[in-house]
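Take a look at this one; I'll ask things after.
Read from first to last, the chains carry the letters A, B, C and D; within each, the first residue is number 1.
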C-alpha cells in the first residue's frame, strides 16, 4: 500500500498541476470555444486528481499532512493544499509556465499522448480504484489528445507565425519529455506489483503516436537531449523547477490561511 | 417609394400584431429598425456581461481552497463563456458578428453590466456573486425567456436554467462558510456588505430615470420595470439572508405589511452613474484584460482561418 | 497613540508595497544602470517601511497580529507578513501591477512627488521618530523624484513609441492620483495632533510640481476623473484592488509558512 | 612585411617581460591577439555570470521572509549588477562593447558559470549561494586581483571585497536558520545537499582535462590550477560546515593528515559537461529571462539614445 500510495500520488499530482496551469487560460483564450475547451480539459484532470489523491491518502495515510485536531479538511485536499513543492511527485513538464497557445497545445499533446497510453494500460490494474479511474480517464484523455493534435496540425499549417510558434513550443518542451517515459523506482515496483505501469514500456507507443502527429504537421521530433535533474533526481523525486513553488503559492494560499476552514 | 412605404406599413402592422399576440419574432421576419437596433444592443450588452463576468470570479480559480470548489468554480466560469456564445449567436441571427461586437466592447463603444466593475477581494465573493449577482440576474432574465425575439428568448431559457443552478451553488458556498470558522463567517459578511448595493444597481436606475423602458416594454423586449424587478429581488433575498445569518447593510430595510413588500433604501445613484461612465474600481482593468486576450489570440484565429482556407482549396 | 499608529501604518504600507513592486524589476530592467537605480529606490522605501512599521507597532501594539507564543518574529515583520490585504492601509496607486518601464516611471513620478512634499512637512512632526524618518527620507525621495522626472522627460522626447507609452502610463495612472491627496479621518486627526500631515494641503504644491514636469514633457495633466472606491472606501480604508492580495500572496508565503521561524 | 614582423617580435618581448615582472598590462599596451581574445572571453564570461547570477537569488526577493532579509538580498543582487557593470567596462577597454557581449550571451555564443543553471528551491538557497557559491567564486577570484591585465585586476579587487561580504552574509543567514525551527534546519541541509557538488564544479574540470590552463597561467591570467583551487575551497569550507552543523554530502570527504588537506570525492563530470552544453535544469530559462529583459528594454534604450541625440543637436 505504500507503493500504491506513492504511485497514485504521482499520477494525481501530474493531473492536478497540469489542471492548475490549464485553468490559467480561463478568460484568456484566443476564442470562446478554446476557452471552454481548455476549461474542459482542466476539469477532467481535476476530477482525476481528486480521485487519485484520495486513493493515495487511503493507501498510505502517512502521506497526508497533519492539520490541527478536528480540522474538517478532507485527505485529498490536505494533499493538494498542504504539501510543499518538494513533496509533489509530478513530472516537471506539467509545472512549466503556460507559455503561449502553441506551447500550451504542444504540451497538451505530449502529456495526453503519454497519459492516454498509460491509462489504457492502467485499466488492467489490480487496484480496482486505479482501474476505474483509468477506464473513465481514457475517454477524457482521448478527447484531450485529439484537441491538442488538431490544434498542432492547424498551427503548423496555418500562418508562418503560428508555425514558428508551434516549432518553438515543441523545441522548448522536448527536453522535458524524457522524464515522462523514464522509470522511477516507485513506478517499477508498482508495475511489478500489477497495480501500476512502467513508463519505459510506453515510450515506443507514445513516440509512434507523436511521430504521426508531427508528420501531419510536416515536422520531425526535435533533436534535443533531456534536461538534467538535480543530484540525479527529477520531478518524481520531488526535485522540481523554480516554477512549482510559485504555482503552489497561488494555489494553496486560501486553504493554508484557513487550516480549519470548511468549504 | 410610395409602394415601399405602403409595404412597410403592412409589415409594421404584422409586426405589431405578432407582439400583441405575445408571439415570437424570428430572424427571417421583418422588424422595425429601432427594434432591431435595441435588440442588438441589449443582447450584445448581455453577452458582454457574461464574458466580462468571467473575470471577477476567474480571479479566484487559481486560489480555490478545495479541489471540489475549484472544479465548481471553473465549471461555472466556463458556463458563462457558454452563455456568451449563445447570446452572440442570437446577435448573429440579426446580422451582427461576434467579432464586430467584441471590437465594440474593447473600444468602449458597448457596455456590460456595471456590477463587474467591482473587484473580488475574498473567496466569499465567489459565493456572494452566485447568490446576489446571479440572483439579481435571474430576476432580470426570467421574464426575458418570454421576450418577443425567438433566438433571444430560447437562449435565455437555457441561460436562466444554468444561472439558477449557479445561484444555488453560491448560496451553498456561503452557507458552508457560515458553518465554518469565525474568520470564514466574517469573510461572508464583509463580502455581502460590499456587494449588496452594487447588486441593487443591477436593475438599472429608478423607473423615473429610465427613459427607454416604455418603448422596450411596448416591443415586448422588456416585461417589467426596473423598480418592480428590484423589489422582487429584495423580497426574495431578505429571507435567504436570514437563513444564512448575514445582515444586509441597509438600515432602512424592513417588512412593510401594508405594501406586502420590503421597504429599502436607495443605492448611491451617483456612484452608479460614475461606474457606468467608466470610472468604477475595475472598468479599465476589465476591458484591458479582455483586450489583451483578444489581441494575444489574434495570431491563433488567423492561423485557424488560414488553415481552413488551405483545406478548402485542397479539397 | 492609536492615531499615530494607524498613521505610521499608512505611510509604512505605502513604502512597503511600492518597494515590493519596484523590486520586481530586479534583473528585468532595460539596462544595468536602471536595474541598479530601481533597486536603490526600492531599498530606500524598504528602509522607510521598516522604521514606520516599527513605529506603528510601538505606538499601537493592538495593530500587531498575534503569533504563536514565543515566536521570534519582530513586530514590523508581523505587520508586513501576517496581515491580510484588508488590513493594509496603502493607497491603491502603489499596488497596481508594475506595467512597462514608462508606467513604472510615471507612477514613481506621482508617488515620489507626493511623498517628498509629505516628508518635507513631516520633518516638523511632534513625533520624533516620524520627524527623523522624514528628515532622512527627504534626501532619498528627492533622488527618486529626480530619477522619475528625468526618465519621463527622456521618454516623452525620445521616440514615438516611448512617448506613446509614457502618455498611456500617465493616462492609466491618473485616476489613482486623487486618492493620494484626499484626507482619511486618521490623517486629519494626525494632522490636528501635530504628528501627521493632511494630504489635501499638499495637493496644490504637488500638482504644481507635476505640471512643471509635464510641461518639460510637452504634456498636460490627463483630464480623467478619479477611480471609484468601494462603499465609499479606498486603500486607506483597507479596500483595495484585486492586485494587492496577489502581491501579498507572494510576499508573505515564506514568512507565513514559518510563524516561529528565525531569519 | 618583414619590418612589421620584426616590430611585433619586439612588442612580444616587451609583453613577455611585463608578464615575467608580474607587472600589469594596460589597455593602451600592445598584447598578443590570443591574449586579448582569451581575456575578453574570460572577463565577458565572468560579467555574464554576475548578470545571470542575479536570477537564482532574484527569484526569492519577492518572497524574502523578513524586511531585513529582503533588503539584504535586494542589495546583494544589486551588487551583482554592479559587478557586471565593472567587468563589462573592463572588456570595453579591450574594444568590445557591452551590447555586443549581451547579444553573444543571449545567442548562446558566450557562456556563464554553470552553477547558475541550477534552480533555487527554498529560501535557504539564498544563504547557500552566499556561503558556497560566493565562497567558491572568491577562491577563484582572489588570485585574479593580481592578474596581468590592469582593468580586470582592479575590477576584481572591488568585486572580491563585496563578494566576501556576501559570503559572510550567506553564512550568517544559514547560521540563523540553523538556530531556528527544525523545518528551517532541514531546509538548510537540503539546500547544502543540492549545491555542494555544483559548487565543486565551479572550479572547472580536473587539471588533466583542462587544456587551456597552461597558456592562461603563462599569460598571468590564471595563477592557480582548477584542482588547487578546488582543494583550497574544500579545506576552507569543511570547518565552516562543522560550525553550521550541516553535513556535506560526500562520503569520501575526510581529513588526510599526510597531505595536510581533505580528501574528497569527484563531482559527476558527465553531468557537468551536459550542463555546460546547455542541458542543465535552468539553462534555457536563464537565457530566455535575460533575452526577454533585453528585448523588452530595447524601446527604452532607443528612446534614451534618441533623446540624447536631440539634446546634442539643440545644444
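Keep this in mind: a contact is a pair of C-beta atoms (placed from the backbone, for glycine too) under 8 Å apart; a residue touches a chain by one contact, two chains touch by 3 or more.
If you want to know which protein each chain is, UniProt gives these names: B, D = Ring-1,2-phenylacetyl-CoA epoxidase subunit PaaA.
Everything numeric in this text was worked out from a predicted model, so none of it was measured.
With each centre defined as the average position of its C-alpha atoms, the distance from chain A to chain D rounds to 37 Å. Work out the mean CA point of chain A and of chain C, and you get 41 Å between them. Multi-chain contact residues of chain B (touching two or more other chains): 63.
Counting partner chains per residue, chain C has residues 249-250, 253 touching two or more of them.
An unclassified topology is adopted by the chain contact network, corresponding to no line, ring, star or complete arrangement.
Every pair of chains meeting the touch criterion is listed here: A-B, A-C, A-D, B-C, C-D. Partner chain C is touched in their complex by these residues of chain A: 84, 246, 249-250, 253, 256-257. Those residues of chain A that touch chain D in the complex are listed here as 85-86, 172, 175, 225-231, 239-242, 245, 249. Every residue of chain C that touches chain D in the complex is listed here, in rising order: 16, 20, 23-24, 26-36, 39-40, 42-43, 46-47, 49-50, 53, 72-74, 76-77, 80-81, 100-102, 153-155, 157-159, 161-162, 165, 250-251, 253-255, 258, 260-263.
By the touch criterion stated above, chain D contacts chain C in their complex at residues 51, 54-55, 58, 60-71, 74-75, 77-78, 81-82, 84-85, 88, 98, 123, 173, 176-177, 179-181, 183-184, 289, 292-293, 296-307, 310.
Chain D meets chain A in the complex at residues 59, 63, 117-122, 190, 193-194, 197, 249, 271, 274-275, 277, 279-282, 284-285.
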